[in-house]
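Each structure below is given as structure tokens.
Two complexes follow with chain A in common, the first pairing it with chain B and the second with chain C.
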Partner chain A sequence: MAETAGVAAQPSGAGPNHGLRILLLWLPAALAADLVIWFVWGPHLPPGDMSSSAASQQFDLRVLAVLAAPVFLAVLICAGYSMITWRVRGDDDGEDGPPIEGNAKVQVSWIAISSALILGLAAFGTYQLIAPAGAGAGEGPQPIWQPDGKPVVVQVIAQQWLFTYRYPQYGGVETTQLELPVGEPVQFNVTSLDVIHSFWAYQLGVKADANPQVNNVAYTTPEHAGTVTVRCAELCGLWHGAMYDYGKVVSVAAFQAWAHRTETSMAKITKTLPPYALIYTPNEIKGLANFYYQAGLPGAGGGYYGNQYYPDEP
Partner chain B sequence: MSLTARIITVAAAFLALTAGVVFVLAHYLLAEPPTVVFGAGQAPGQPVSMTIMTDPVNDVSSHPDWVSYFVKSPQTGQWVHSTIWQLPPHTRVNVTAYQFDTCDPLRNQLMGEVTGTVGNVMAVSGEADGLNGPGISVVNSDTTCGVAHTFNVPELGINVPFEGILYTAKNQCTLAPCAMSFTHVTTTFSFITPGPGDYRWQCFIPCGLASVDGNGHAMSTIGFMTGYLDVA
Partner chain C sequence: MAIETQPEKAEHSGGGGPGGPPAARPWWMRPAIHTAILGAVLGYFLGHWLGNFVASGYQQVVEGDENNFAIVFGYLAATAGFLAGLGVFNDLLRQMVGLPPRDHDDGGGSGLARYFRFTLDHKVVGIQYLVGMIIYFCTAGLFAMAIRTELLSPSYHLFNAGAYIEIVGEHGTMMMMLMSSLVLGPFGNYLVPIMIGSKRVAFPRMEALSFWLTPCAFLILLSGLLFGGFPFGWTGYAPLSIQATQGADSYAVAFGLMGISIILAGFNMVCTIICYRAPGMRWSRLPIFVWSMLTTALLMVLAAPVLVGGMYMMLTDRTVQTAFFVPDLGGSSYLYENLFWFFGHPEVYILALPGFGIVSEIIPVFTRKPLFGYKVSAAGMFGVAILSFFVWQHHLFDSGMDPDMRPLFMITTELISIPTGFIYLVALGTFWKARFRFSVPMLFALGMYFNFLIGGISGVMLSDVPADTTAHGSFFVMAHFHYTIMGGLVFAFMAGLYYWLPKMTGIRLNLRLGKIQFWTMFVFFNSTFLPMFAIGEAGQPRRVFEYAANLQTLNDWSSISSFLLGGSILLFVINFIWSTVFARVREEGNPWRSRGLEWQIPSPPPPDNFEHIPVVLSDPYRYGFKDAGPVADLYPPAGVISGALTGSGA
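After this line comes the complex of A and B, so read on.
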């Protein structure tokens, strides 16, 4: 748009109004592009609309694309028009055209439009980051945005090279299967037992780093039933590429049935798990450190399991 | 030096450099252990027997202190240092695992549960510092010496924790592949192979001694504590 104003401001004498020509080319093209982007392409933009955060991200992409397309077309049309209209002709003397300088109208228009776009997008992005559905990203241990209502809490535990999921509201059961209820807010508490991973539930629009000793909270509300692809999005070693699984979003009734069934079937192993906590420190298993000490052994992983507990080696 | 000689010299140097790069890539980066084939020449659907062992040492001179799996070749009966095992699809595999290593705690106690095997159980005999007998479904590695290594195929939901021998056990294996005379624990279990495909498996005990968090070295090297099932 700024380019249009710039060209329109050129001293044109008695020649055609190039600015108007460009505007007439640009306006219908931009309108058509925006309609296609919003109504045809938009509903298929990633990551879809399976959850509130995914739908919010898709909305963001649609808005950005709708704003970017007219700017992009303006550049293309101006460049194309210039190449055709002001190309070198047979009778051209080879001299440059008159310089454009001191045109306050062009300068003010350029700065005003660019500023409005940038500041508007900054405000829009900030708003979308925290409302109405959050960004779906990890917000750290003290989230700035929380959903209404009591969320279903799912702890995501990453380790080389597997995600497991713990449900503190269902007896602290831990499983390799991610199952979520549709229509209920979900709180992911993401952590790691070893190196840095990243929990990326693509269709849910949730992506949160899994750091050892850190509880990274992310929220979403699944809005449609279906399958969720979970991948690690942080290079984490040999089998990083194989660190994926598939979760399910099911009806509330089906989720409740699954959760209670899993709680029962896994009761035996659940008893051996450490108490539910926001972070785990597997290098601080005191009993094992004592065991290693009594056996006169250094322990695996170079003291990973807690030399700090050795009575003589605090 | 003439122009021809210069060209020949540069070309020879270039070829030598290229050959060196190809050699390094092929010999070090692309090298992988041999594939051990099970069920060859066997009627479809017939069960396959597989014998493996987990050793506290291995026979690789560059890393003799890395823990490692070995597998017995069904063709030769010899122990092979490999973690790539070719299995027929939709077939019951009866596994006998000899475990010679001492125990470590599981980083995630969930891996103490036997899953994905026939009946979701395993049988243990020998000098385990923990449970012995048939029908074992859970091993708690935090209360006893517990688990030495695990055989876990995430995509198939298979997890089998191999119990360890006591650190104070006499006659511990020092030479790989370990002879049956060394102290060990025997674990047996069965699983059914899925359709064709490559399925990675790994140990979930951080047993890469002295590496960062115990998860490097043997844990991150195919041929030692991880590999894949080539179901074909």
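After this line comes the complex of A and C, so read on.
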């Protein structure tokens, strides 16, 4: 947007045409930067293309970077050119510059161009949010943008300081292992048992805050098999930094085999769990601490739920 | 306008204050810092005892022998005791019982002692703020370097998890809450009355109180470390903050006190600028720095009450067992997030606008040109200030709250970059055909423009919901706001300090060291924070002490740069102390040949600022005009002031 400052502020008359010079410096630089960003850097931009939402975020970042680079370069080149051309050389002669207090043409074009750019970005961002079903971000309990088809539902239960995953379509089994089928839409129902956490499946481009007493829904469709890093992205206390695990995206057949196997092997523990629900009140989950104890898992945040929920005798 | 209410001689000439020490009183009766400390200690123990006495029946603390209620009571009573010891309430009480206030003809005492008293001279308060802010900034900076030390290794831990979280919380909270007055405190309080041609500020007691609350907030926040700190960063999200141990009380009390401090400071600033402008100081002649102080002060006054309310609710949740933020008991964790960010986002602009003001004030002087698009500049600041109340939900894009509102908050957030962009329009216009002098203040101002450009453009990326899904809560966000605040505000603060310190003290800082400081600070700042964009996009969340092993190179680069950046700040501290205490090179005239009204009077300014109320004749940016007259008439003929009042609006 800044190039107009150069072009329009150029008074006619003697001397070099500074506006044209700046334009000639800026144009190739901006073009080169954009080509590099789009073709060289673009395909490798985070968070990759492992899922539909990750790919759309990558595309978004690519577009934003391509728009940002010319703006950045325009301001930089314009300022740099001014500083080099009009610096006071040698001894300071105490001269003042020309008394330019404003320029309607420049100001109008600046405001018009920056407004157009911003409104365009907002429209683009809105489209990019709605088209890929919420772009992988948490959409709250009543998501308005949903993918086509019946999704695999995975409930993410966050607590201090681990994530567990429940599969309501497989008997409500709860595991510490996240597994997802490739090519099918996935619905994450994210909730928390204690404080606010955030479920961040990095390679899937999914981030949804886990709020106590709230079901926060996010959608994505994994498109490639592989490993997913899950981290907590909201400071949740002492061991926030250690609250991470790794999920897997596998073929549909492998996923179903794994899910059925887990459902069977965990059936006894699943029975002691509270029935699958969208939100849980920790103090009502009598069997929860017991479950963790039986599964050999670290307890949830020490004595936060009160010791009465732990078995008396280990 | 309000000029009638202003006496020709300031009511309290150059200060004084309830602390004016008549020699007749014994030392422990003379209100100053020592009586204040005595009051604080007595207050703490009294409040602590009272808290235990009142609440021991129902306030139980698991895993600790301290009672939250007693700690909060102790902090509040210590603050009251500190202020009482300073003599804040002396005049108020005397007047309440019908006695006249003590006379203040002594000018607040002279020498160093007056800086340790509750004084009514805005120039003394300005210096108090300046030194205080540098101390707070350096303390919080040391915490930052501790964080970077821990992050040298992805798996080896220098600190344990608890200590690390404490350090993160102290660094963030101290920087965000105390630095909100980084510019308005020292430069706003000191210079704004002079720049608008006034002998005093509107509410000197409020102003002085706003400063003396900052050391209270600072020490209370630090004292949280004695109780194990607080594990929730500077945002204090509930219910983690309700669940946290006693250190969290220090967070809530300190942040609340600081909220009160910035309300008072802002209120005084708004009233001073509106009511105490000299005749001829029309709105269209107001220095752009004063505009930035006005918008900042408005944000402080309007946003901080929400913070104080939020902290109050957090405290009652923690002590008297209300449940505003406890979901299990019918509260809402969203309520806290909303309250916090309703304050927190304007706060971000409280930390940005003063920087815009300083750099816009400085570039005309060093380019010898009028400020390009003066009205666009002022309008831009107002635009930023107003819009900043409509964007707070962008901190909560992934929270699941009101998901269909996200396009709205996306567009308001992106709209704010239009008025923010005006500072670049103004800068580039001012640079056009200018005559550049690269003195130290100008270098820092140019550095601010560069850094803030990166911060601003990365901000547009964060405002885009899909791109934000990955960036939210990651190091990308951290890099972004360090670019706008450290790269923007702190660079602008340095520019202002090198520019105005000769005005404020009559002493200039060593400019050779200043140049070294600028280049090291600029290079190492960028070298510290630029990699953080990549670290964040590569998947490292904020406030973690363990990260993916493949990010170690970038993290180490960032850490080592941050130590060098710390070295650059150390160089500044050395320069500051050496120049003001030992070398003391006098700089009494107008070293930058500025046309600003503040430079037309001697340095340091006399106790009353102006002998007579000046009559302002033009805006301060008339560089290059062949027929430009003086900026103000410092010795207006008698009768001119009353004439100005009836003439075109002053």
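The criterion applied here is as follows: the second predicted complex is superposed on the first by the 266 of 314 C-alpha atoms of A that agree within 3 Å, B and C clash if a C-alpha of one lies under 4 Å from a C-alpha of the other, contacts with A are read in each partner's own complex, and residues count from 1 in each chain.
Assume a contact is a pair of C-beta atoms (placed from the backbone, for glycine too) under 8 Å apart; a residue touches a chain by one contact, two chains touch by 3 or more.
Here the structure is a predicted model, which is why all the values come from computation and not from measurement.
Participant: Thinking of the overlay built on chain A, is A:281 touched by chain B (first), by chain C (second), by both, or by neither?
Facilitator: second
Participant: Looking at A:209, would you say it contacts chain B, chain C, both, or neither? Reply first, second, both or neither.
Facilitator: After superposition on chain A, A:209 lies in contact with chain C alone.
Participant: So in the superposed three-chain picture, is A:195 touching just chain B, just chain C, both, or none of them (first/second/both/neither)?
Facilitator: both
Participant: A:176 contacts which: chain B (first), chain C (second), both, neither?
Facilitator: So A:176 only meets chain B here.
Participant: Who wins on chain A residues touched, chain B or chain C?
Facilitator: C
Participant: Pick one for A:159: touches chain B only (first), chain C only (second), both, or neither.
Facilitator: first
Participant: Now for A:273: first (chain B), second (chain C), both, or neither, which partner does it touch?
Facilitator: first
Participant: Which parts of chain A are in contact with chain B and also with chain C?
Facilitator: Dual-contact residues (chain A): 194-195, 237-239, 242, 282, 304.
Participant: Would you pull the chain B residues touching chain A in the complex into a rising list?
Facilitator: Touching chain A from chain B are residues 104-105, 107-110, 112-113, 137-138, 140, 142-143, 145, 152, 154-155, 157, 167-168, 200, 202, 204-215, 219-222, 226.
Participant: Considering the complex alone, what residue numbers of chain A touch chain C?
Facilitator: That would be residues 1-2, 5, 9, 18, 45-47, 53-54, 56-57, 60-61, 64-65, 68, 71-72, 75-76, 78-79, 82-83, 86-88, 92, 94-103, 106-107, 110-111, 114-115, 118-119, 121-122, 124-126, 128-129, 132, 134-141, 143-144, 190, 194-196, 198, 200, 202, 205-209, 211-217, 229, 231-242, 244, 281-283, 303-304 of chain A.
Participant: Flag every residue of chain C that touches chain A in the complex, lowest number first.
Facilitator: It comes out as residues 62, 161-162, 164-165, 168, 231-233, 235, 237, 239-240, 243-244, 327-328, 333-334, 337, 367-376, 396-404, 406-407, 410-411, 414-415, 417-418, 421-422, 424-425, 427-429, 431-438, 446, 449-450, 453-454, 457, 460-461, 463-470, 472-474, 537-539, 541-546, 548, 593, 621-625.
Participant: With touch defined as at the start, can you tell me which chain A residues reach chain B in the complex?
Facilitator: That would be residues 157, 159-162, 164, 174-176, 193-195, 237-239, 242, 245, 266, 268-269, 272-274, 282, 285, 287-288, 291, 295, 297, 299-302, 304-305 of chain A.
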